[in-house]
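Chain IDs A, B, C, D and E follow the sequence of writing; residue 1 opens each chain.
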């Protein structure tokens, strides 16, 4: 899994019928220090993530292993909201201090 | 999922029989500001996308999770046409203003 | 799917038994202007592609969705021979003019 | 599979229900000389890996082929702890000499 | 599929039980001229490859389509030992001349 920060939303009315009801969020990819790495990903939201939150997302077939995305043409899903990230003994992200 | 702009078409008469009837579109990959990133992808069209439209496409096994692409050797599918993209509070793409 | 030009062949006598009978072709990856991008791929040939031809290939699990590659340890398959590629209103590849 | 060094942990209380009980470890990717390559991965731990250990991890659908990760939206799993790595006749990593 | 040269071995005693008995080989990735490209991969060996040999390996779910790797958390498998590689009319690798 990789880390992303939720920075936006995507609206699409014309889409594969099976994608109805899914919420698409725009993620900027970040590294384990919380820095943006330049990439992005549009992912379905399976956990009710909000703007600004740091999330964990899964890609590939793993992205269909949630109730919301099962058997849908979806290759990216947010499956966890990060509370705390600790790297080399330092806390590099603490949700309670940010929000 | 990633974003692309439909820029062309691909015609192939000699192909895997199961690919008959699929429409192949050529996408230039774009970022969340709408800028081209230099890459491309040929994708099957599951939603009737048109030239110039910004679309969302899925890759990998997700690309076979549509009626049109089910069990076919297809690793990229357009599964939504983007209406609106909002990033960091700004609208970075609005289909109604473009077309 | 991505585009490649068939530039060679690979012979392997010692291999997974299920790979017997498959023809391996060497592809140079090309972009939508027909320029080589520096990468390559070895792919199983499901359509009888010939040297010099521009082809469309699929990777990942999609590469096993042909009769020839079904349930085999194959992650790349040529599933179409390109006749015509049209990008931004220009024909960037026309098989009838090349060969 | 690729190599990583376990450098941290990730805590997420709000997540896909099926991810409960999984331990997420943060890996820095390393090459076969043991040098960091700049990338990272968050992976589920299927083998009880500890901080500082060099591990082998699998991505994609392979990451769901363990008891802990079966049918979960997980795209990265640590499936082995490396004891010894030998490259071009030299031992480039020996766990017994490190720890 | 991509090409690699077998350069080493990896020993791991603590691992997913289903990985027992699999031999892990270290591959340096090479291009179609036989030059190293800087990357590596650890792959399960399904064909009895030896040090120094040029092999073809498959990644992703294809890596589980051998008897040795079926339903195991393995995302890379050596499925063929290359005898001959011919690119643009030139033999760029001939096993009989090397070994």
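The criterion applied here is as follows: contacts are C-beta pairs under 8 Å (C-beta built on N, C-alpha and C of every residue); 3 or more make two chains touch, one makes a residue touch a chain.
Bear in mind that the values here come from a model prediction, so they are computed numbers and not experimental data.
*Asks:* Listed by label, which chains are in contact with chain C and with chain D?
*Replies:* Neighbours common to chain C and chain D are E.
*Asks:* Distance-wise, how many Å sit between the C-alpha centres of chain B and chain E, to the nearest whole number?
*Replies:* Here the centre of chain E sits 33 Å away from the centre of chain B.
*Asks:* For chain A versus chain B, what separation do you get between their C-alpha means, in angstrom?
*Replies:* 21
*Asks:* Can you tell me which residues of chain A touch two or more of the remaining chains?
*Replies:* 59-61, 63-64
*Asks:* Looking only at which chains touch which, which shape fits best: line, ring, star, complete or other?
*Replies:* Topology of touching chains reads as a ring, each chain with two neighbours.
*Asks:* Could you walk the ring starting from chain C, turning first toward chain E, and list the chains encountered?
*Replies:* Moving around the ring in the direction of chain E from chain C, the order is C, E, D, A, B.
*Asks:* Considering only the defined contacts, which chain A positions touch chain D in the complex?
*Replies:* 1-3, 31-32, 46-48, 56, 58-66, 69, 77, 79-88, 92
*Asks:* Within their complex, state which residues of chain B touch chain C.
*Replies:* Contact set of chain B toward chain C: 7-16, 18-19, 24, 26, 28, 40-43, 59-61, 63-64, 71-76.
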